[in-house]
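The following pair of complexes shares a single chain, subunit A, combined with subunit B in the former and subunit C in the latter.
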Partner chain A sequence: MATASNPTRGTGLRRVPGVLLRIVLALFFAFPIVFMLISSFKPDQQIFKDLGSIRAFLPVGHVSLANYRGVFDRVPAMRFLMNSIVISAVTVALGIVVNSMAAFALSRMRWPGRRLLLTLIIATLIVPFETFALPMVWWVNKLPWLQFDGSHLVITEGWLDTYRVQILPFVANAFSVFLFHQYFQSIPKELDEAALMDGASWFGVYRRIIMPLSGPAVATVAILTFLPMWNSYLWPLMVVQDEHLRPVMIGIQYFFQLNVSWGQIMAYSTMITVPVLALFLAFQRAFINSIASSGVKG
Partner chain B sequence: MRSNTRRLAAASLAAVTATALLTACGATSSGQGSGADGNTITLWTHNAGNAGEYKVVQQIVKDFNAGQSTYKVKIQAFPQQSYNDSVVAAASAKKLPCILDSDGPNVPNWAWGGYLAPVDLSGSQVPLSDQLPSTVGTYQGKTYTFGYYDVALTMFARKSVLQANSIRIPTIGKPWTKDEFDAALAKLKAGGKFTYPLEMGTGGAGEWWPYAYSPQLQSFGGDLVDRSQYKTADKAMNGPAAVAWGTWFRSLVTNGYMAQKSGASPNNDFLNGKSAIEWDGSWDAATNSAKLGSDLAVLPPVDFGKGPKIGGASWQWGMSATCSNKAGAQAYLKFSRQTKYFVDFAKAAGTIPATADAAAQIPGYQPGGPYDVFSQEARKFAVVRPVTPAYPFISSVFEKTAKDILAGADVQKSLDQAVQQINSNLKTNRYYAG
Partner chain C sequence: MSTTVSARPRPRGTPGGVQRRRERLTAFGMVSPAVVLLLCFLVVPVALAFGLAFTSARLVSPTPAHFVGLENFRLLFHDPVFARSLRNTLVFAAVVVPVQAGFGLALALLVNTKVRGTTFFRTVYFVPVVTSMVVVSLVWLFLYQKTGLVNHLIHSFTFGLVTGPDWLNNPRTSLPAIIFMSVWQGVGFHMVIWLSGLQTIPVELHEAAAIDGADRWARFRSVTWPGLRPTRAFVLITITIDAFRLFTQVNVMTQGGPVDSTSTVVYQAVHTGYDQQQTAYASAISLVFFVIVLAVSLIQRFLTREKD
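Now for the complex of A and B:
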């Protein structure tokens, strides 16, 4: 018995440094979030008093919900949250459909110029958004739109101050096309051929064969589309003037007045971080699978 | 497959053609000007999230809309940090509102850039001549904006700390000299109680740098630009006085008097006893007074040789050049120039009222009141930032240069480089003529 138990204990002991290292790493990454959460319950002066000691991470001292009440007094937080949820969710949904279809055509169908087109799409990744943001403002300000005005259908000019201007320019995404393309490449082509032989259309192959097999890629694209949309700041700053249409990240600027209220900033940051964390936790397994299978580093 | 491709090509062509046609239709329907839909006029303010001041804006608009039936003003509030970006984006899209506020130093640039139009405020209840000069925005002899208040830089300290270290408490009539100030910092440092006896908010960014530190440069005898013609920064920013300022500024760090980069909240650090003297603004006076009571000492700025100096000009109101209802915008601006609104703004924002009449109605700001010192400072020491469209560029160059100097860069070389950049900008823009 003794000889049998020693190797087990030895294996366990050998694992201790690794486990400790992981705990330290986990704490390292968790500390900013814990600090944000705990500070959201403390008054400003106490936040700064507690800095430099372990008290910064503990709910001690004058702990209350005053900062959260302050957030709602200062910012239409629920409205901003709802706006961001709508904008991000619609962009994710449309993005999955549009980009997966583009990737399907590039990956599964044979037509001249597809390789060149894929190269051009990927090449757009090197152009930073900031370089064409201002021309794009000018452009969206000129775009037409059809809308009902009572009983008539009228053409209006300009998309500024709308939800669509925050959504449509970001639906087509080169990185998402690339991710889908890479994932589709790993699915055997024989499946398409068999389905086509059985009378399926290309759309049928896409909808009934490829997409059901692409769960991890869909999850990854969902997360990678959701995050920048949720964190979107520069674009809504330039194209949205109506407060009712602003997303959450613009809201954080409401707190940077002459007297910066750090407690309220922590409370607001906590409120806008929770949905992102929840989404990641919900999809993390599929996300990791897809990243691992596509060979893409985040 | 071929027919599918043809169908796809035809559909794409139709979509592109339709888009082009619709765009053309839309383009013909766009009108001239912006910021008003008939007599409904849009007003932009930087006060989103700043409840006190925003309520005053809302009250004025409510009173204006209720007091007449011709015009209706509609408010859009933006957070201060991103306000300028929103205005610049709107200007490029020709979507500026009719009425907007602007940070004082930006007024010349916005006037030159065609964002703002001159305003005629004659017949207002409060004449412009009654205002603190720093609260009126002018460019090339024309009035573009006016403000209801100003703010003042000042120093805060604890009387008990100064007395315990046998340091004279300065007054407006007899501020500290450079030698006195240096000696006070040396004493406080030697006392060992404060790691950094001086807090100057060096962790800040943007406009805070020229606002907070260029008055010290001016008190040394330098400046951001030669104001006689606004065609060069040579000698003003790199002459012996400017070098003396840079050397002193850096010495605050090398002597251990001040952190190279202060914390996220300098005022909280001061209130928590981490620093003895804080270079701050009048906006923190009420908070500090509430916390420290009679122990709070409000100190005038140091006289480094050419008299004490502070920055002047805060947020001001004007009318956009593209406003499609200028009569309505001017009617609103004139209406808003009532003493009661000057009082309301100063009370709400904890700022210095722009007129003596308003000051007389605000507790603390009456002559002899605890905050009267700020009005006096604004009147006696305020220097407006250079009145040139180049100011935003000069401001960013000064920020970078001052940060470099604080980090240990050679003072003369850094200032020479700054002058070169500013002069190049002035020349490239043909000295912003016209």
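Now for the complex of A and C:
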């Protein structure tokens, strides 16, 4: 009878095929990642030898950290990791401030043209980055920047090979503005009015009342900004030649120069994947919710 | 600006007028960082894609760019590599969109239950999504080798009857191999989107249908599928746009090869515009790409519109 009232809850033997299916699928999604983790501890020779059996997924044989030592000999891995952490963190922080401020003004304040601007911002969502990445390389190569050379300010041309070229283009994000806007709409407007009556400024309302109430939206925007920044590949490939400024994904290229060591490739891949994987496992609910909330824009 | 406002014989001094002006100024101040950045790093580059496509601009050039009219587009439409890239991109999208959407929905239905361990399985299915495409491509590059793990698995599951091809070095299997891997990586993302759609459907509807004697399939058709309408439109549009953007996998795994069998529109744009420094030609490719993506999303939006 339980099956009739709750169709999703089977009992006993009837559940076996369903559980088996789930397990097979889990193996299907997990096996490349497990293979990567395990192989990162094995010498190349053994990786190839183990391919034909279950041993490919087991930490058996000559297990060591040799590949990881090899990684550090081959590339400035720590430098790449630091660069990616700095670039992602600064973009996330600036993105939260810039996009939430815009969303606040668009959703809670009255001024001419705000509807039009919101529509225009949302319309840009349909333009994939790839369609203008190439002209943008040309464009950032021409952009000026003010620099202090010790005694006075000088204007320099070109943003290639800098941190800012990896950060500033990705700070303002139409989708983040949209997400904040949606969230702010759900907070009662009476809060603003009461605070304004008490003499608060509009910026004060934003900073002291609305933002402290918007934790979930901040988390979502942080995750949705962080993932693509950590994973960014196309853009730094084109605008950063200086080894000291390169992010983790570009480090991959170094492993295909001279003698290729798959063990080292797996070790480096593990090093740049595990931090994100750990964050995901720690904040699973927030991750899944943020992806799910990206579906609300239908 | 403030002088022109205060010069007008408006009710300045009245609390309402001052407050409204302050509200406007604050609002402008708060939107301007985002607007300036979007102008600089989205609007201007898009406009440049339009402009540069009609010039002879190169990334680094001793001579200034000049207007060449439709020359880039004339070259483009006679470029066999572009034709091939466009075809590959369309094939990729045509396979990935229905397969990934369907598989994602199946997974969502599978984990949208209260069976013990569901959270664990959902997490595992989602792991490829948080793994970067660069890493995923690298690992699969190794798995797809002639004597790699994939072929070992094929060999043992068919009891030695089938010997797999050299997946990425064979022009007939290279694109299918990339398609398979891309679905493996991306399907968890759409599982979650479908899941959030499924959870908006009231349980009472399912129960009512069950009481009316509807079986699983009938319930899916009459309750679940109609309830997923808004999610459907979103999933379709995001998968399609993502599919058109195919670049990383190709760049890491095949560099467009063998014999252009995996070259895509974005890959070709990057290859000509960056590696060969032909900014103008790449802009022309970007412009065509932009028009295609726009057209496809508008058509989809039209087809999946709310029918009132």
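Quick note on the criterion: the second predicted complex is superposed on the first by the 237 of 298 C-alpha atoms of A that agree within 3 Å, B and C clash if a C-alpha of one lies under 4 Å from a C-alpha of the other, contacts with A are read in each partner's own complex, and residues count from 1 in each chain.
Just so we're on the same page, a contact is a pair of C-beta atoms (placed from the backbone, for glycine too) under 8 Å apart; a residue touches a chain by one contact, two chains touch by 3 or more.
This one's a predicted model, so the numbers in the text were calculated from it and none came from an experiment.
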item	value
Touching partner for A:M238 - first (subunit B), second (subunit C), both, neither	both
Which of subunit B and subunit C A:E157 touches, first, second, both or neither	first
Contacts of A:V60 with subunit B and subunit C, given as first, second, both or neither	neither
Subunit A residues touched - subunit C or subunit B, whichever exceeds	C
Subunit B versus subunit C as contact partner of A:L134, first or second or both or neither	both
First (subunit B), second (subunit C), both or neither touched by A:F203	second
Contacts of A:N99 with subunit B and subunit C, given as first, second, both or neither	second
Touching partner for A:R74 - first (subunit B), second (subunit C), both, neither	first
First (subunit B), second (subunit C), both or neither touched by A:W262	both
Subunit C-contacting residues of subunit A that also contact subunit B	48, 51, 111, 134, 137-138, 141, 237-238, 262
Contact set on subunit A toward subunit B in their complex	44-45, 47-49, 51, 73-75, 111, 134, 137-138, 141-144, 146, 155-158, 160, 237-239, 241-243, 250-251, 253-260, 262
Residues of subunit A defined as touching subunit C within the complex	4-10, 15, 18-19, 21-22, 25-26, 28-30, 32-33, 35-36, 48, 51-52, 56, 98-99, 101-102, 104-106, 109-112, 114, 117, 121, 124, 126-139, 141, 168-172, 174, 177, 201-203, 206, 227, 230-231, 233-234, 237-238, 249, 252, 262, 265-266, 269, 272-273, 276-277, 280-281, 284, 287-288, 291-298
Complex contact set, residues of subunit B against subunit A	5, 19, 22-23, 25-27, 29-30, 44, 48-51, 76-82, 85-86, 89-90, 92-95, 151, 263-265, 267-269, 271-272, 281, 283-284, 287
Contact footprint of subunit A on subunit C as seen in their complex	20, 22-24, 26-28, 30-31, 33-38, 41-46, 48-49, 52, 57, 59, 107, 110-115, 117, 120-136, 138-140, 142-143, 147-149, 152, 184, 188-189, 192-193, 195-197, 206-207, 210, 216, 219, 230-231, 233-235, 241, 244-245, 247-248, 251-252, 266, 269-270, 273-274, 279, 282-283, 285-287, 289-290, 293-294, 297
